[in-house]
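Below you'll find the structure, written out as structure tokens, and then a few comments.
To keep things simple, chains are lettered A, B and C as they appear, and every chain counts its residues starting from 1.
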Amino acid sequence: MGIHLGVWNMAVLFYIIRKLVLREDGVMQAIHVEELEKTFRVRRKEKGMRGSVQAILRPQTEEIRAVKGVSFGVDAGEMLAFIGPNGAGKSTTIKMLTGILYPDGGRATVLGIDPAKRRRQLAYQIGTVFGQKEQLWTHLTPYDNFRFFGAIYDIPEKETERRIGELAERFELGEFINTPVRNLSLGQRIRCEIVASLLHKPQVLFLDEPTIGLDPVVKESVRSLIRQMNREFNTTIFLTSHDVGDIEKICKRIIIVNAGQIVLDDSMEHLKYHYLHKKIVEVKMQEETALPQVEGITILKRKGTHARLEVDTGRIEIGDALRRINASDVEDINISNVPLENIIMDIYKAEGRDTAS
Amino acid sequence: MDRQEKPAGLNVGVLEKRWRLPGRKYRVIYRSVLMENLQYAANIALGFFGYFVFIFIFVKLWDYMYRSPGELIAGYSKEQMIWYVMMTEMMWFGSNASAVGRQVKTDIRGGNIAYLMNKPYHYTLYILAKYTGEWSIRLPMYAGLAAVIGTVMVGPVPGFRLITVPAMALCIVLGLTINAVFKICIGLLSFWIEDSSPFQWLYDKLLLVVGTVFPVEIFPKAWQSFFKLTPIYTVCYGPAKLIVDFQPEKCVEILAAQGLYLAAGCILMFSVYRKGVRKLYVNGG
Amino acid sequence: MLTAVKNQVRVCALSIKYNIMREMLNQVTFLMNVTFMILNNASILIQWFILFRLREEIGGYTMREIMVLWGLTAASFGLSHILFARVYSLPELIVSGKLDSYLVQPKSVLLGVMTSSTDVSAIGDLLYGVILLMVAGLSVRGFLFSLLFVVTGAVTLTAFALLLGSLAFWFVRVEMLSGQMVMGLVSFATYPDGIFRGISRFLLYFILPVGMVVYHPVHILVRFDGGMLFTVLVYACLLSAAAAAVFYRGLRRYASSSLMEARM
């Protein structure tokens, strides 16, 4: 009896403290990661027959440190892009945060819960969409699938019905909600996947390449769904993608990992500002004229009356640069930023070289 | 060496252009699978357990069934009876014939067949060559195992002469090939039905119950003449019978029957395949 | 606590229901699988007719006991493969990293994985087993007991496969071995225990749990023995607990598909 009371009291105390902490901070960090580590052991095999024999007799293993001491925090309601080249450790990190993998070192909490220790408890509060993996039963209709997920998340039947209706309307599933999933197009299917992972109103949504293989129209609708989720329910979004469009159009903050380490953690705006001291100017002239030869302007390409220039705004103001072009001669002009894709590629390359050497 | 390590399907097309014996491409397929399978030798050895269990059960069963040492059941001594099972099971486990049927089924049902049938080889022969490469590794390993446990548990085969080995080996090879041809035929039914495996089970069970665990002589007389007409006689009973009780005239008879069966089986296989492919073209898979 | 269990059971039941629904999409294939499996099993009886032509009893069994033995084994095997077919391919799932979707659900990973597929032909096994038990001439009480043993047998068999399959978290090559051991167990379970003596008998009662799956139940059905019944029930529970413990211990080593990505 005494022991029971003790446990009960402690639980209450814990609850009160947590409430107090939350109120004090105003917002709790949705994700908190400290020095997270994961190492895989891989069996190594030399080439050819001799290698095969050796692998059987004397197996050799090799350690691959997929994640090497990663730390970061994500506030509730933030929209974060977690990106990096293949094999950088982003999937491994996302899997540790969702309780799929056990970390080898460091600490991670999601909504104050340790994914490795209280996986099930966490699962009620988070949603996952893995673009390449399907969690729906293909022979059932989306409707039946949603009901199954309702059962998994212990949502009462009536409430499940209500939420299905609500989400189906918002995500425009009406016309195919009663068609077996195997007969749906990829775009319809991924929309259903997302709805299935939203049914239990997760506070954090993990998306691993959600738009892979989709056409531009569907991509756009998936992105707007995600933004909408964030706006209406303040859902924290944790996204990995190779698609710069996803990153640019959804996220406000970006973390770049390479070779198991964070190489950049910055706001999207800051990243652009920081790296965007170059502008691309494309002009079409009425006739072939000489282009300005000034410091800070590089001619990237020139063909007949078309020209493409790169203006380094650190050295020359954009207004100055434009003044050098004969305005009365210009037939058409277009000024743009260096694409984000190029910026990210530059970061990958630069950091990759650093860590490799 | 390098050439053989490449996947089989890729370089046969090149070889085709050179002047070679027509059988050459199948030999290349055979050899590359053989190389691949050497690496899985360790896995095969793990499969010994299942074989051992079967043999163990039958040793115990026949131990129980034979009351006195010199007793004969259906004309077989206890040693012959156990060696008979050991040989048929060796062929069963050593050939892993279910893999052929399964491969054909998945190729056809999975749509892979569309790529395979336009390659410069005949699909069924490709499967056959591939499969032969597989059992060329397995069977000798099982033969070694059978020889060891047989000698330890029941003693050497009564009246065994080394000189008869080549004839037996030929018989076994033919038996396995005939079996594979029939399994491919059943697998080819997948062109028409969604799942051909129930037919594979029935065929397997026929071989297992009638030809593998007992020699045909143990059945009532009326059944025996029927069994002689089924593949059992050439696939399992024939080769095993020769091993436990070699007689030259019996050997000739079995080889002749195998020749006939192989020819008939191949004709059946080719015609079923042709019909299936035609159906595929008409219906577009 | 009680609602949690209820919810878990509901999810498992739904999962099994959907599995079977999927297999029934093509009715011809479904019916063919089931009936051919019944025929397939029935053909083995030929072997026993032949053997009983030679001797009246084998290892203390007559045809009737053989039918009970076969009935129990086929039905247990069938039940286990209908409900928990995935346990038998668990090593493959572990090695290729396909447990992810069960790990992000707020339900038991183990039960989620176990109930995630079914084996249609096993319905044929179960039907065949039950039919055999019905025609084997058991009393009504005996028949009811035999149904209980079908359940304990299925549980023990599943737990055994789970225990071995979970070793794949540590050893990649377990795949082959666990399949072999399970099939070995089933092979033994279709022959009378009276033909095995000495060490092999010990092996069948303590290493491969054949004794617990089928031999003890057959003996109990021939002549009731409360102590033996108790042993069978307790063993089924203990083995299940041990298997689950090994699975969850191994789950900490689960590498998802990251290993395969790392290999590239």
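What we mean here is this: contacts are C-beta pairs under 8 Å (C-beta built on N, C-alpha and C of every residue); 3 or more make two chains touch, one makes a residue touch a chain.
If you're wondering where the values come from, they're calculated on a predicted model, not measured in any experiment.
*Asks:* Among all other chains, pick the one whose mean CA position is farthest from the mean CA position of chain A.
*Replies:* Centre of mass proxy via C-alpha means gives B as farthest from chain A.
*Asks:* In terms of Cα-based centroids, which chain occupies the most central position?
*Replies:* That would be C.
*Asks:* Centroid from C-alpha atoms only, then distance chain A to chain C, rounded to Å. What do you get?
*Replies:* 43
*Asks:* Distance between chain A and chain B based on Cα centroids, please, to the nearest Å.
*Replies:* Computed from C-alpha means, the inter-chain centre distance equals 53 Å.
*Asks:* Chain B to chain C: how many Å between their CA centres?
*Replies:* About 29 Å separates the centre of chain B from that of chain C.
*Asks:* Provide the list of chain B residues touching at least two other chains, using ranges where the numbers run on.
*Replies:* If we look for residues of chain B contacting two or more partner chains, we find 42.
*Asks:* Find every residue in chain C that makes contact with two or more other chains and list them.
*Replies:* none
*Asks:* Please give the residue numbers of chain B that touch chain C in the complex, ascending.
*Replies:* On the chain B side, the touching residues are 42-43, 46-47, 49-50, 53-54, 56-57, 60-61, 63-65, 73, 193-195, 197-199, 201-202, 205-206, 209-210, 213-214, 218-219.
*Asks:* Under the touch definition given earlier, write down the residues of chain A that touch chain C in their complex.
*Replies:* 38, 40, 42-43, 64, 66, 86-87, 91-92, 95, 98-102, 119-121, 123-124, 126, 128, 130, 133, 135, 137, 139-140, 144, 148, 151-154
*Asks:* Flag every residue of chain C that touches chain A in the complex, lowest number first.
*Replies:* On the chain C side, the touching residues are 3, 7, 10-11, 14-15, 18, 21-22, 25, 99-101, 103-109, 172, 252-256, 258-259, 261-264.
*Asks:* Would you tell me which residues of chain C are touching chain B in their complex?
*Replies:* Listed in rising order, the residues of chain C that touch chain B are 26, 28-29, 32-33, 35-37, 39-40, 43-44, 46-47, 50-51, 54-55, 58-59, 121, 173, 176-177, 180-181, 183-184, 187-188, 191, 194-197, 200.
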